[in-house]
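One chain, subunit A, appears in both complexes that follow, with subunit B as partner in the first and subunit C in the second.
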Partner chain A sequence: MLFNTEFFIKTFFTALKGLPVTLKITLMALILSLPLGFLFAVIRLKEKSFAKRMVSVYVSFIRGTPIVVQILVIYSIVPSILSVVIKRFNLPFNIFDINPILYAYIVFTLNTTATLSETFRSALVTVDKGQLEAAEAAGLTRFQGYRRIIIPQALVAAIPNICTTTTNLIKSTSLAFLMTVKDITAVAKVEAAYGYNYIEAYLDIWIIYILICILVEFAFKRLEKRLKVYKTAAAS
Partner chain B sequence: MKAFEVSYIFRYWPDILPFLGVTFLTVTLSVVFGVALGFVLALGKLSRNKLANIMAAGYTTILRCTPSVVLLFVVYYGLPEMMLGIWGVDINDIQKGVFVIATFSLMFAATMCEVMRSAYESIDKGQYEAAVSIGLNSFQTFRRILLPQCFYVALPNFGNAVIALLKDGALGFTIGFIDIMGKTNLIVSMNYGAHSREIYLGLAFIYWGITILLEKILLRTEKIFGKGKRVLKAD
Partner chain C sequence: MLEVKNVHKAFGKNEVLKGVDLQVDKGDVVVILGPSGSGKTTLLRCINFLEKADQGELIFNGQHYPFDKVTKKDILNIRKKTAFVFQNYNLFNNKTALENVTEGLIIGRKVPKEEAIRIGKKSLDKVGLSDKYDSYPSQLSGGQQQRVGIARAIAVNPDVILFDEPTSALDPELIGEVLEVMKLLAKEGTTMMIVTHEMSFAEEVASKVVFMDGGSVVEVGTPRDIFHNPKEQRTQQFLRRIIKNFDYVI
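Moving on, here comes the complex of A and B:
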């Protein structure tokens, strides 16, 4: 079979129609898991407690299992939980009408939260404890101390890892097709199956993913440069 | 919908666990080929040759931005066509494991290139100079002085990469490869999806167990190889 250039170019733009879905999953997962991950990181830095142990088990489980398996587990467990809830409260909608993207949000949020909690934990320990004490001594509340003193400094240390997490997240959203979500990969798969033009379609999405990830990495580089202002004293 | 039955989590383990051999074999072979290719790439990155630099950097950048599943599809559908088109070799009947190993070797090589490069750069240049000044030739210096130190520095990253590879390897089932993931999927479809929750959860526990075990082994190995290492202590 020859390489079908016409199909290759056409499918590139067809696959781009899946881009909003990919970006939506990525953004949603990030928005939800940034605060959650931070909360979990703070819990894990505290003294021994039940919550700490639960969070540790959760992070270990997520980090210890393939994301495909997490997808399959969530995709089989969550609908049955939802159907019980719907039945119990007589809610007026059908379980099969739920947009599968909801399951994608759940899986990728759970996954990213675990990774980010590790990132934030290591970032928070890079900030000297005296900083918080000094902030409190200067009359800031604990919340203000975190918000104005600790987080900006920890963020500088965390940005490279957040960047890696984001690109990994974008890459793993390519597995959303397993949940019948119509993202870039799913669209390409459907297009490819029409005329067995698999190579062309998969090369298309390969290029798209490379472009997105390079853009994201570039954006984070810019952000890192801007945030460096918070790191004046210690860096030099 | 059927109720959640805990017993189903473990019911099919006797059928799934024999396929651990397949999973470990693909991981091992991918590691071997990946390390070899990664070494070549790291040489390219460290060399003074501009072209080698660009090629190695391009390879790692592209592979870093590639979802494993996309590369797997490209290799699975592209490799046979390429072989047929360029050399006239028909590999359409070849085992699917070959495509899985090829894909993850390529992936692993990109990670390994970075791991090896950063390990090499972490070694003080004085080590090389000292070794050469007492009469070792450059191969001996590499073999006896630099390599052991690089190895220790690279070990944690190497271990994490292997664990990531093990988890990524589960994607082989998307092209119909039968390892523990593929077997689980077969069992679920033979049951027409009944109890899929429990069966997949059981698989998750298997992977979790392997990962925890690998992490333990990694820590132990680090301790063994860290014996001769003098570390600056803060206190």
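Moving on, here comes the complex of A and C:
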């Protein structure tokens, strides 16, 4: 078994063609999950309510099941539901025309929202209750107080965990091939299958993933540094 | 100008305020004294709706606000005409001293930014912090932070400033600078309600002293009445404990 260097280099660039899909899933999941996760965190911090129980059941469900199972469940259930809906209302499109990336959006958003809601919940409790009281006493509405005082401080505490969630999300998108989504991993697998060059292909995507994650980490570090200027100012 | 009637507040089964009445006129410096757990702080917080009183009514600038019927809008409007100075300062940690002072003006009261900055700087100058505009709370001492807290309160030109034990969290050598600022405000005729344990300060600045115990007002009077001629036994006992060698007969 020889290491096919030529194939290794060629596949690296072929696999990169899957990069937009990987990034699209990641970004879409993040864009939807950040506000949703924050909302769920606020709900969970409130006093007893029905919504609070629902959110906590949801988080337990997501946390308590492997993402592979979530993918398989969503990928089999959602199309069935959709096809019933399509038939019922005589909608003019075919269930098989739906881009499977849609299912990926759903799974990864559900998953990331659960994780981020816990991240935000723990970050919000690090901000002293007095900060919101002071904001309200200063004549700000609760919403303004959250936006201008609480969230900027909570973000500083949340950033390292949001970074971890993001890198985990990027890595998890490699499972999207189970839904026939053509991301980096899927492209590499297909390439490898022609001539059984799995080692080369897997090493390729191994490098791609680590490069992306290093970039993400770097970006978050920069962001963290900027956000916590008010904390580090004392040292200078 | 500000009056509360029959304020009741309970935390669970613990009744903290049992029907408090209190009146504050314009220019008054009302000092509230009392042992810990007597409900002083809770009363102050109820006035600014940081706690929601169960019963009673607030009369503010001629308007009646029953505590159980007050709307969010009412609360916001009352808060825009009052200010609160906290025991542990509660400065916005992510804002500089100047931003702390201007926040309530720009965001809360829609004052134009330049105008707000001008007022903010003036307020900080007044509390002796003209060299700390751009410092973050983490760069300031406790006394400086509390002075920013006071600047934040006076900047909005409130009808009344509520002080909740403003010096209790300070190192002894830093208490003086905060009290000096408050004395200055008292001299200028600022209406204030102050919960404090600083007896000589209270005697000096108060126009009215309120002694609370067990969730009720026990005695109200001039500083002279309360400190030198208290009528109620509970007041006498409290003052004797607080002030060493206290003698209530002149």
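What we mean here is this: the second predicted complex is superposed on the first by the 229 of 236 C-alpha atoms of A that agree within 3 Å, B and C clash if a C-alpha of one lies under 4 Å from a C-alpha of the other, contacts with A are read in each partner's own complex, and residues count from 1 in each chain.
Keep in mind that, in the parts below, contacts are C-beta pairs under 8 Å (C-beta built on N, C-alpha and C of every residue); 3 or more make two chains touch, one makes a residue touch a chain.
Just so it is clear, the model here is predicted, and its values are computed rather than measured.
Following the overlay on subunit A, a side-by-side fit with no clash is recorded for the pair subunit B and subunit C. In the superposition on chain A, contact is made by A:I199 with subunit B only, not with subunit C. Contact with neither subunit B nor subunit C is seen for A:P92 once the two complexes are overlaid on the shared chain. Which of subunit B and subunit C touches more residues of subunit A: that partner is B.
With both structures placed on the common chain, the touch criterion links A:L72 to subunit B but leaves subunit C unconnected.
Of the two partner chains, subunit B is the only one touched by A:G64; subunit C is not.
With both structures placed on the common chain, the touch criterion links A:T185 to subunit B but leaves subunit C unconnected. Between the C-alpha centres of subunit B and subunit C, as viewed from that of subunit A after superposition on chain A, lies an angle of 100 degrees, to the nearest 10. Applying the stated contact rule after C-alpha superposition, one finds that A:S83 touches subunit B and leaves subunit C untouched.
Put simply, the nearest alpha carbons of subunit B and subunit C end up 16 Å apart when the two models share chain A.
Residue overlap on subunit A between its contacts with subunit B in one complex and with subunit C in the other: absent.
Interface of subunit C with subunit A (complex): residues 48, 50, 76, 79-80, 82-84, 86, 88, 90-96, 103-104, 107-109, 135-139, 152, 156.
Residues 128, 130-131, 133-141, 144, 148-149, 152-153, 230-231, 233-234 of subunit A are the ones that touch subunit C when the two sit in their complex.
Interface residues of subunit B facing subunit A in the complex, by the touch rule stated above, are 1, 4, 61-62, 64-71, 73-74, 77-78, 81, 166-171, 173, 181, 196-197, 200-201, 203-204, 207-208, 211-212.
Taken together, the subunit A residues at the contact with subunit B in this complex read 1, 60-61, 63-70, 72-73, 76-77, 80, 83, 167, 171-172, 174-175, 185, 198-199, 202-203, 205-206, 209-210, 212-214, 217.
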